[in-house]
Each structure stands twice: as C-alpha cells, then as structure tokens.
Amino acid sequence: MDVLLTEEQDMIRTAAREFLEGECTTKLVRDMEADPVGYPPGLWKKAAELGWQGMCLPEDYGGSGLPLVYLGLVLQEVGRAVAPLPLHSTTVAALTIARDGTEAQRQAILPAVVRGEMVLTWAITERDGRHFNPAIETTAVVEGDEVVINGTKLFVDNFPAADHCLVACRTGEGLSLFLVDTRSPGISQRSLVTTAKDRQSEVIFKDVRVPVASRIGPLNEAGPIIEVMLDRASVLLCAQMLGATRKDAEMAIDYAKMREAFGQPIGAFQSVQHMCADMIIWIDGGELLTYEALWRMDQGLPHSVEVSQAKAFCNDRCEAVVRNAQIIHGGIGFMMEFDLHLWFRRVSSWTMRLGTSYEHRARIAKALIDLPGRVILGRPVPVVMEETREEELRRSA
Amino acid sequence: MDFGYTPDQEALRREVLDFIEANVTPEVLAERDGKDADGSTRPRGRAGPRMKELYDKIHRRGWLGITYPKEYGGQGGDRLTQFIVEEEFLRAGINIGLGGSGAPAVLAAGTEEQKRYFIPRLIRREISFCLGFTEPHAGADLAALRCRATPTQDGYIINGQKMYTTSAHSATHIYLMARTDPEAPRHDGISIFLIPMDTPGITVRPLWTIQNNPEAPHGTTYGEARTNETFFDDVRIPKSALLGEENKGWGIGAAALNLDRVGASRYLISIRRDEDIVNWLKENRDGPDAPAENAAIRDKVAELWIEAQVCRLMTLRSMSIVQRGGRFTYEGSAEKVWAPEHGVKTTEAITQMLGPYGQLLSSSPHAVEEGVFAHNVMGAFQSGINHGSVQIMRDQIARRGLGLPSQRRSRKPA
Amino acid sequence: MDVLLTEEQDMIRTAAREFLEGECTTKLVRDMEADPVGYPPGLWKKAAELGWQGMCLPEDYGGSGLPLVYLGLVLQEVGRAVAPLPLHSTTVAALTIARDGTEAQRQAILPAVVRGEMVLTWAITERDGRHFNPAIETTAVVEGDEVVINGTKLFVDNFPAADHCLVACRTGEGLSLFLVDTRSPGISQRSLVTTAKDRQSEVIFKDVRVPVASRIGPLNEAGPIIEVMLDRASVLLCAQMLGATRKDAEMAIDYAKMREAFGQPIGAFQSVQHMCADMIIWIDGGELLTYEALWRMDQGLPHSVEVSQAKAFCNDRCEAVVRNAQIIHGGIGFMMEFDLHLWFRRVSSWTMRLGTSYEHRARIAKALIDLPGRVILGRPVPVVMEETREEELRRSA
Amino acid sequence: MDFGYTPDQEALRREVLDFIEANVTPEVLAERDGKDADGSTRPRGRAGPRMKELYDKIHRRGWLGITYPKEYGGQGGDRLTQFIVEEEFLRAGINIGLGGSGAPAVLAAGTEEQKRYFIPRLIRREISFCLGFTEPHAGADLAALRCRATPTQDGYIINGQKMYTTSAHSATHIYLMARTDPEAPRHDGISIFLIPMDTPGITVRPLWTIQNNPEAPHGTTYGEARTNETFFDDVRIPKSALLGEENKGWGIGAAALNLDRVGASRYLISIRRDEDIVNWLKENRDGPDAPAENAAIRDKVAELWIEAQVCRLMTLRSMSIVQRGGRFTYEGSAEKVWAPEHGVKTTEAITQMLGPYGQLLSSSPHAVEEGVFAHNVMGAFQSGINHGSVQIMRDQIARRGLGLPSQRRSRKPA
C-alpha cells in the first residue's frame, strides 16, 4: 500500500507536463475552438512520438503495454493544458478494439493509432442522453455479409477528426458494436455547440452499410463490452477533468496572492483562504478516488463502484472548484480575452458527460444496498459488474 | 403580517399582464434580441423602433418611474406598486427600471436643475446611464479607485480608466466616480459626475464576455455578451457635471447602491431557472426513466424550490421594511448573499439533471430551452461577485447586523 | 403585502418572551427533564391566564379566536425558552376538536383547555414511523355503541400529562379518529428516551373501549382531518423550533463576542463571522417560510406546499444552526452543566419529528411536477390538498 | 501507486481477525462497557480483569506498541503494520493505541531513563497518560495557557487548572503542558511534564458530557460520558518530571500532536455511521415504502459513501507519506478537515432517513442500533473542534500548504 506516484509515474507525468507547456499555448487552444476539425495534427503526431496513444495498447501492435494508470496520468496533463488532442476518445476506443476486436481489426487500427495516424471515437448515447442503459434506437440489420445501420447518435466526440467510430446498434435481440469508417456513405453529422467548444456531434446514419465482420465482440451481446468501455471512458475523463481543475485552482490561488484589495492580497482574507483550502481538498479527493479506480482496473479487480465514485465526486466537486476559481478572479474571469474560461468551460462540460452524478450514485447505491452481505468501507463491495484483467487478457490474447 | 396583495394591487397586476399580452409581441422580443424583421443592424443594446414604441406606451400608462416624484415626471407611487409592475415586465423580458443607481443618486443628491434635467429624461428613456465605478485595480475594494478628476477654473479634467462599464456603448451618459482629492483619506477625496458619453476624450473599448459567441438567451443570469472598458483622456467637463458636493461622492454612491439592491430584478435573476427546470421536467416526461420520475431529482428540485421561495420572501421582507420607511440592519445584505448563492446552486444542480444536454449553448442543435441552462452556468456566479460580493455582504451582516467585532491584528495560527 | 409583524403581534410576542424569561429558568427545564410527567402545572395555569391555550380557539368556548399566526408567535417564545409546556400537543388537538368535533365534544374539552385544566395529545404514527400516510395497524371495531381499540402507537407527545388523546384507527374501510380518555382501562405506555428528553411514549391499546360517539368527524373518513391536523402540527413545530434555534444562535454570537483566542474575540475571525451570518440567514429564511404557511392557513388558502416548505427547510437548517452554535462554543457546549445543550438537544429532536425533509420534499415535488400547468414562483402552486377557511368555519359552526 | 496490501499484510489482517473472533467475546465487551458479569463496580474507564487478560494476550502477540523500538518493549515495526492491526481492533471495539500523543512525545524528547521507564509500561498498559493541555481560557489558542510550573531548587511547583482532561480519573499520569517562564513570548515559556496522578495537590472533578445519562454505545463519535477538570494546588514535582528542555515544551507537544493525527482511529470515527446506515437500510427493507427503496435516500447514501471513501483514501495517503519518511505539507490538515465534517454531514443526513426513530437514545425502547445514530448527533461535531479545529486546519492548508499570505492589518469593509 502506497497511494503516491512511483518515481517512474512521476517522471512520465512531469515529461508530459513539460511537453505540453512547451507545445500547447492557449492561443493554440483558442484556435482549435474555432477549427472545424478541432485538433492540430502536428501535435498529435508529436504525442505519438512520446508514446501517448500507444501507452496502454499491447506491445504486439507497437504499444507500450503499460497499465491504465499511466494513460490516466497523461490525460491529467492533457486536461491541465486543456490540450485540443483527441486522445481520450482515441485511446478509449482503441483499448476496446485491443480487448474485444478481432486480430484483423487490431492490425488494421492499432498500429496506425500508435503512430498517431488515426483518430477514433465512439457513438453510443442517443436522444435520451442516458449513460447507463441508454435507449438505443439505432438499428443494424444484417443483409448478407453486410449490416445496414440506421439511426442518430448524439454527443459523439471528435467525429470530424475521427477515422473510425465504434457504433452501438440494436440488432434484434440485443446490442452489437460495429467499427465504422466515418467516411462511409450515408453518414452525416451536425456540430453541437457546447460550453467546452470542443467537437461534439450529432451523427446520422442513413442506410450505412458496413461488413458484418466489422462488429466488435459477439452479435447481440455487446452490452458488457460497452459497459467496460464506458467505465474506462468515465474514469479517464475524471483524470482529464482533475488535471484541468487543479491547474484552474492553481491559477486562482496565484491570483489571490497577487490581487490586492483593502490594502492586502485577497488571499490574506480567511474567507478566501478557506475557499482555496477546500478547492485543494476536493481535487485531492477526486484524484485519490480516480487513482484507486484506475488501479483496480489494472489489477483486474471489480471496479464499477470505484469508477462511479470517482465520476460522481468529480462531477460535483470539480464544478465547484472551477466556479470558485471564477469567483476569486471576480470580473476578469468572465472576459473572453482572459484565459481562465478555457478551463472553466471545459470542466463544466465534462461534468455533464459520461454519466451524471445521479446516474453514478444510483449505481453505487445498487451495489451497496441491493446486494446481500454487510458492507465494510475499504473491503470489497459486492460487485455489480465483474471483469478481471486475467479474463480481459485471455480474451484479448 | 400579510403575504397577500390588496384587490387594487391584484387589479394592477392583471392590468399589467393584459398590457404585456397585447403589446409584448414576438416581434418586439425579436427586436429586443437584435433580430429586426428588416434585417437592419443597430448598436447592440440600443432600442429599435418597436421597443421605443413599447416604452412610450408603458410610459403613457404611468409605469415608468413609478416611485419618482410627479414634479420630475414620475408617478409619486410607492415601491410596492413599482415592485408589482416591474416583476411582471421582467418576467416578460422587459426591463422598466431606470438602469441602476444613477437615477436614485440624482434624486437624492442632485441640484434642482439636475433633477429637472435628468429624471424626466431618464424616465422617458431619452437619457441612460452606464455605471463608471469599477477600475482595473478597484473592484470589491472600490475606494481604491484612481481615476482622477482634476479641478480647473471652470470645471474638471478627467483622466483614467473604468472597467466593466457595461452599457457604455449604448448609454447617453456615464455616472462616474472619480478622485478629486488624492491627498485625502481614500473615502474622502471622491466625487461623482454625470457626463455625456459624446464628450471628447472618452473612448469605449468592448470587452466580450464568455456569453458572447454564441450569445445567451434573454433572461440568462449575467447573460451579457458585452461589457466595456472606458478610457478618459483629458476629458474636460463643466462644474455642472458634479453631482452633490465635491469629495462627498463616496456616501452618495453607497447610499444609492443600497437603494438599488431592493427590488424585483435582484431576486428574479436568481430564481428563474428554478421555474424553468420544474416546467421542463413537467413537459419532458416520456417513460419511466425520465428525470421527472427520479425521486432523487425530485427531492433536489423541491429543495431548490424552497430556497427560491426564501429568495422571494427575503425580497418581500426588504420591500416591507422600505414600505414602512424603515432601514436595513442586515436584511439587504442577507438577500444579497442568499439569492446569488442559490442561483449558482440551482444552476449547477440542473447540469446533473440534464446530463450532456446541459452543455448545449444557444446556437446548438438540441439546445434545451434555447441553451439557457448552459449559459446560466457561465454567468450565475457573477451575481455573487458584482455590486458587493457575498463575502463582503457576510462581513456586513456579521459586523453591522450582529455586532461582531473587527479583527484587531494579524492572527497567529497555533 | 407587509411580511413584518404588526404592532399587536409584536406586543404579544414580547409579552410572551418577558413572561417566560421571568418564569421559565433553565433549572425548571432541567427539572422537568427528570420529571415523569414533564411539565409544571403552575406554569401551565399561568399560561392559560395569559390566554395561550385558548388563543386560537373559538370565543364561544372561552378562546380568543385569533388567527393561527398568533399561536405561532407564542410557540416561538415557548421554543425560545425551551419551556416544558405541553402547549403544542394540546393546542393542535384542541384545534382539531374545535374544527371537526361535535358540540358535545367541544363543550367537554375546549373550556377546560382554555382554563389550563386539561392537556391533550394525539396518537397517529405507528411502527413505520412515517408522517404522511403512515401504515396504521391499530384497529377500532364497533361493538354496539362502543368501539374496541387494539394497537400500538409511537412517538406520542406528553402522554403522561395528557387527559385525552386523539387516536387514529383503522375501521374497516378507512381511518377514523377517536377522542380517548387516557385513563381508559387497557391503555399502557412506555417512555421513550429521546435527545430532547421530553415526554414521548409508546402507547399500547389493549381492548380499550370508548363510546362510538367519541369519534371526531365521520367514520372511515378521517384522513383529511388528520392531514389538516398534522399540517398545523408541523408548521407550529417549525415556529417552536425557530424560536429555540434563534435563541441558540444568539447565545453563540454572544459567546463569540466574549470568548478570546489569539488575542481577540473569536467573533473577530472572518470564518466565525460568516458562520454567524449564515446562521441568521437560515433562521430568517425558516421564519419567513413558516409565517407564510401560517398566514395562508389563516386566509383559508391552500397551504400544504407551504407547510412542507417550512418543515423541510427548518429540519435541515435549524439542525445546522444549532450544530454551528455548538461548534462556536467548542468543548463547553458538550458539557452537561452548561445550558447550551438544552436547546441543541430539543431542536435536533424536533427536526426528526412530524415529517422528515425527504417526506416533505416529496410532497412538494408532487405538487410542482405531477400536477398540470406551468409553475411561477409566488403564484398559487397547483394544490395537493385543499381546504378553505370558509369551509372550515362552516363545518365547525 | 498501490492501493492493495501484500500477501504478508493480508495474512496479518487475517490473523488479527481470527484472534478477535476467538478473544473479543461478548463478555469482554460487556466488561469494557462497565457491565461486569459479577455486578461489581469499577471506576469508569479502568480496565477490568477480562480486559486486562485480553490486553496481555494482545501484548504477547506483539500487537501493542508495534512502531516502538524493541529496546523499549516495542516491536520495531512499521506504521502500516500498526495501521492494519489497529484498524481491525478498533472495528472490534478495542483500542490498542497508546492513548494519544504522550508516548510519541516521550520517545521523541525523553531522556534515556524516561524512555526506559515509561515506554515499556505504556505498552503493557501499566501506565496511561491523560492529556493536560487545554485550559478554561486556552482551547484552540493553546499557547494562551496559564497553568504555572514555578522552578524550585529541586523541581517545580505546579498551580493551575486543566480542562477536558478526559481520562484523568483513570490514568496513572498526566502529560502536562505548563508555563515555566511567564516573561517569555507566549510560545517560548512553556514546558512539558509527566506527573503521577497521585501526587499530592492534584484534584480531579468530573465534567459530565451530554452523552451521559444515558451513555452512548461504544463506537459513537465522541461518545464519552465523562471528562474532567483537573486542579493543581502547590503540586511539588521533581526535576525528573520535566520532558525535554525547559521552555521548549511547545515544539515537543506540537510535533507529537502531528504524529498523533495519522492513523486508523481518526478516520474510523468519521465513517462508522456510513457503514452502519447502509447495513441498517439493507436489513430493514419491508415493503415498497422502506427508506432503502427511496431513490432520494439512496442517492444521499451513495454520496456519503463516496465521501467516506475519501476519508479512507486521505488516511492512506498520509500513511504512504509517513511510510516513505516524508513530511506533510498540508495533507494531515486536509484529513483533519474532511473527515470530521464528513462525519457530521452523515450524522445529520441520517436523522432525516430515520425520522422519529433517529431521536431515540441508547436506553430507549425501539432505539435503532442501540441509539448510536442519536448519540452521534450529540457528539459528531466535537471531532471538528478537538485537537485542532477545522477552521485552524484550513488556515494551515492555505498558509503552509498553498503559501497564501497572512493578513496585514484590520480590514475595512467597503
């Protein structure tokens, strides 16, 4: 038991931080907000040279095969720099392909991802907006060796940049997941305008034909695959959110040391001091929850409760931190030409994605209350959805 | 103790509502939002022909400047009448206030000539003030202001910079606080001036807020897309621009700000989202998984509703005190802590009810209620900062309201 | 519209305060905690001389016929003094008898109540502890001109002191309410030990026979009568709670002015100042909600939402205030010999009675969300349970 | 980064749990709670024969004084081992700690003779300390203490009063902070003494807490029924009673207090009710109206559970820092803010889940879980006051952790 970063972990994090401090200016962040594709391919390529995309992908496909915690650390830094990189959506989708795809799919996708030549995303949520058990109305009908996809997906990340997209479809009895080329005929998209000013889309599938062989995992039984993917997505988003939130808090604390009112820095007032103290406590708390969830995933231990703990907490507390950072800045943080809002708007947006606090807490309550046996904090909570890393590895081998 | 209104007051409310239904048409509102039918462009914030016509009608009904004396073009009415009329117009998206604390300050401290000049024109909306108090280094601590008004033989020369002069680009005048005696203690060398915005030497630079691009829908808490910096370079003004006594501006400004804190607009900006989310939940309840069916969300909505009622009731309390001719000990400050913090709480709570829809801004496909909830996240916290932060309000409650002492000297932690 | 007290209301409140400051010492409060009956009959009698018991009872029975707001003001002062008087349970039951009882019942009970010669209470809740729609298992079976009551009631106030008790029973099709002499054969009680150290009881009815004529209101249809009674009870408890809470906060503020640390009164620290400011804001908020609910009752306007608003808010905020008052006092408030806990323990207990915050908020949500029509704050909310004062007066006439 | 335990550590935990199952019998627990089978009475807080036997057994297993050096009767083990063993015993209702910061202070600052005398006896529980720091006018601001230790030729004479000396009636010694130099700056004239409680001139007066009558069940947060005032009237002690250097007591006491803040007991008192309410909900779910079926209550329980996890994780973080030999910048203070406030929040939230049952104390019919929830309402807030209030902890986080400045002079509100 040692919940602090190892020296190696700290080095990777520091390297990522220094790289982004050098490469990712707020001017770049602003430029990409206005860019229709939304990311700088040059920076994406450099990230690949640092091994970010392939960090947790199998070595057989050029990856580094490191535990997920490492990707979490890098995404924290991506969040800290609010870097306009499609790393989150790409790696989450790639990890699903690595775990549940066929050898052909892996060969086709993973090396290109590792080299920074491919961007991925996924499309699950539809109009009900739900994270767990969304009502999926998009259908995929088998016709010979093709399936025909019809339906509309919402809140799809980085679609204009993505080469492939994992699409969840209703296939008669159950759900299936397909790997779809984003340039397939019949696909259209509308850009959503979000507080993050990132690239989220409504994606419309109209008689889109993809080979049956493009499915990921068994037909009609993609539910568990999707759940694992979304859990990874949620906890990795927590990491990204916390990185951004901590930077935001640091800017507020620095501002409080410098900005004067009533003859002293505003940071000398106890009310501001206590606000800052709470901000740091909340960020640290979210980070510990997130690290534990990532660590449990890496150990192949049940982790659904831990993922939901992290996301519900980060949703509420990160929002509170970035709001307090705005408050400490007074009017200036409300001005477009000042940079603070770049963090504020993104964190706000991320708190609303990949599961609301209500959804995640309902899942926790189910595990705590509805399963038999007395609970003890810190001992294994009864499991909602179990998947050991051994099993994962076996299946992805 | 009476939480109701008299039949006359209820009749007035009915009359206002009928007027609104007949006159505040979609075309008027479109024009208000800068979407003129003829596609013409005006400086943002300046009223177009439909709005001008509307205000003329409202004025003819006697609903502008209700509390101002008749000799200055007002109605000589009471604040409760003003409150009822203002609340209904605000709910309909029309601001019938005189725009902040400038008008009350003129009435309280102006010369007879100033009152006769400004008040009727403010009421008829021929004159409008922007507020020139805040500076880059004087926000919460306003008395740190540096903008200089140097006395000359026949007036003053103004030099300096004002921040967040929100309607400076559309207002006819600025209601300005400037330092006339830099040697005096910081509260004692300040004066107030009323200056036409077209005076040579005044420059207005836009400051775009994070509510710009896309713009927030009307009714968003701090939905302003634009504010300004205003620069004064050797701006020469006559002596007659001075409001009240020279070097007594601090007291004039503070008194008027306090008056400005009572009214419908202050609490309405904090509770509109409570109504909106309840109505949205009611109207979007397909299936057993709709948020409206979730007991946890219902519980939260009820909690927020109760808090919103407290916003309303604190405003009624302030109104009652003012109606009786009383003075606040801490009640105005309490209102100014509770309502903004409630507004933020509701705004953030709603994000978790709407999930990913909560991030969609006004110009987005699928935006909920024109994106008002998302834009509110961007703006709600501003109401706890501006015109006296919640921290300063709490200090005032504790010290003026509860008699708690000031700190003696630097505290050494154990 | 003027939400402040009238001069007359202020006078009544001031008189009550001065009376209790003179008569109700904390020694008396402590003595009554140890007393098996729990109230001083002498003080009860004096209260009657001041007209408290009869304040809102009809003039025909010796009462003053004043609006309920006045009783609320007196109960605020009772709470402020944490006076061990069974005024709340007596007046709530008496108001129900006045409204729904027969002429004979009114004649038998009300004048004695007004004179301070009778104590009343009610018994509704059973083992499920619920406030709204409790599962009532106590039965009343008609045998000739008698009914036979069997069952167990919980959390009955002041039973050892009470002469009569209103008992809700299941009678075949529905609920009925009976006026029961507490000395009837077959009744036994066990004292509950509560944080308030008041007199709450478990009351067991074993073949208790009362005349059929002792029922209040129609047989099988006592539900609405009980709801009105409990709404009155809830909002009047809010008043009592707020009186106690404000006094508690004042003691803490006074302590903060006097107690020194780090060379100054602790009340000079911004963190303590802000805590005190919040306490006052919360109390004021609860008071405004409570007054509005009382006022609406007096006007015969729908009031169920307003009652629930007041109780849910007071539950949460009064608890927070008295806890903060303890915190400001540091260790001393935790000591039995210091008086502060007399307020703390009672307010805590009251927050758990007559409807939890969850129960009251569920009722509000039902009115807000489940009834048709758009809501506007400050306009009539759609009604859950409606009862106009005109109707009340008609029925009680 | 490793959130798990080694196989050896897991085996140790298993061993402890087996030991507890075999030895911490209901009879032992009854005796712990003062309910001896033979009906005999002992001074409250003093161990009876069964508890003595239990501690002997625990000692023989090497589980007392785990982190203390072997030469002083300890095990020379690490803090993580201590943490694992202590956590399990605490959950079983047995405290195996050495009772506060006295023992660490002796180890850090004592003479060889003091260490050889006190540490082994503290470990074998032949000696116990009560804490003599707080005074009537020195609580949060401990350095304001007035209790005098006047040097004499061969020792000191103590005069003064200590407050909240919780186990003074059962402890063998008091670990006392007193002023040896009243002329020095307030932190510089303080010394620490170790004094037998049977020294003439010491008087202990009971202070009954609001957890008395009825007493709180074991495991209640601040469930102590009794604390004390301890008076010193011309108490003569030898020079050898001094711990560390004269006038250097402040630093010794503060350092030991910081050490005392890391461990299982601090976080467990704040999270036990979270476990209790979940388990109670699970076991009391008759019918569709049971609280366990209410989504609003479920949502709140999950929220509390997450916060409880943060309590646990912050403790693990502190343990990790200590294990690595590092020092806290603000992490210990963060733990000391979060956990107590969480404990209060859970306690108050539960009142609204249990409704009227939540008020029933331990001796009441129908008390829920022996009244622990009700008693917790009476005690939980104490953990945010004692041993450094949450306010002072936040000051420390801000100033030491984040480098925010101290206040310069009295603030004038605008």
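In order of appearance the chains are A, B, C and D, and numbering begins at 1 in each one.
Heads up, the rule we're going with is that a residue touches a chain if its C-beta (ideal position, glycine included) is under 8 Å from a C-beta of that chain, and two chains touch if they have at least 3 such contacts.
Each chain and its UniProt protein: A, B, C, D = Acyl-CoA dehydrogenase.
What you see is a predicted model, and the numbers here were worked out from it, not measured in a lab.
> Compared with chain B (Acyl-CoA dehydrogenase), which chain's mean CA position is the farthest off?
Chain centre farthest from chain B (Acyl-CoA dehydrogenase)'s centre: D.
> Could you tell me which pair, C-D or B-C, is linked by more C-beta pairs in contact?
B-C
> Would you mind pulling out the distance in Å between where the CA atoms of chain A (Acyl-CoA dehydrogenase) average out and where those of chain C (Acyl-CoA dehydrogenase) do?
Whole-Å distance between the two chain centres: 52.
> So what's the Cα centroid distance for chain A (Acyl-CoA dehydrogenase) and chain D (Acyl-CoA dehydrogenase), whole Å?
Each chain reduced to its C-alpha mean, chain A (Acyl-CoA dehydrogenase) and chain D (Acyl-CoA dehydrogenase) end up 41 Å apart.
> Which residues belonging to chain A (Acyl-CoA dehydrogenase) are in contact with no fewer than two other chains?
262, 269-272, 274, 357-358, 361-362
> Counting only residues that touch at least two other chains, what does the list for chain D (Acyl-CoA dehydrogenase) look like?
Touching at least two other chains: 140-141, 294-296, 298-299, 391, 394-395, 399, 406-409, 411, 413-414.
> Considering the complex alone, what residue numbers of chain D (Acyl-CoA dehydrogenase) touch chain C (Acyl-CoA dehydrogenase)?
My answer: residues 134, 137, 139-141, 144, 163-164, 207-210, 212-214, 222, 227, 287, 289, 294, 296-297, 344, 348, 351-367, 374, 377-379, 381-382, 384-386, 389, 391, 394.
> Which residues, counting only chain A (Acyl-CoA dehydrogenase), touch chain C (Acyl-CoA dehydrogenase) once they are in their complex?
269-271, 274
> Can you tell me which positions in chain B (Acyl-CoA dehydrogenase) touch chain C (Acyl-CoA dehydrogenase) when the two form their complex?
1-5, 9, 80, 91, 271, 274-275, 278-279, 281-282, 292, 295, 298-299, 301-303, 305-310, 312-314, 316-317, 319-321, 323-324, 330-331, 334, 337-338, 391, 393-395, 397-399, 401-409, 411-414
> Where on chain A (Acyl-CoA dehydrogenase) does chain B (Acyl-CoA dehydrogenase) make contact in their complex?
125, 128-131, 135, 154-155, 190-196, 200, 202, 260-262, 266, 269, 271-272, 315-316, 319-320, 323, 326-327, 330-331, 334-337, 341, 344-345, 348-349, 351-353, 355-359, 361-362
> Touching residues of chain B (Acyl-CoA dehydrogenase) toward chain D (Acyl-CoA dehydrogenase) in the complex: what are they?
140-143, 254, 294-296, 298-300, 388, 392, 395-396, 399, 406-411, 413-414
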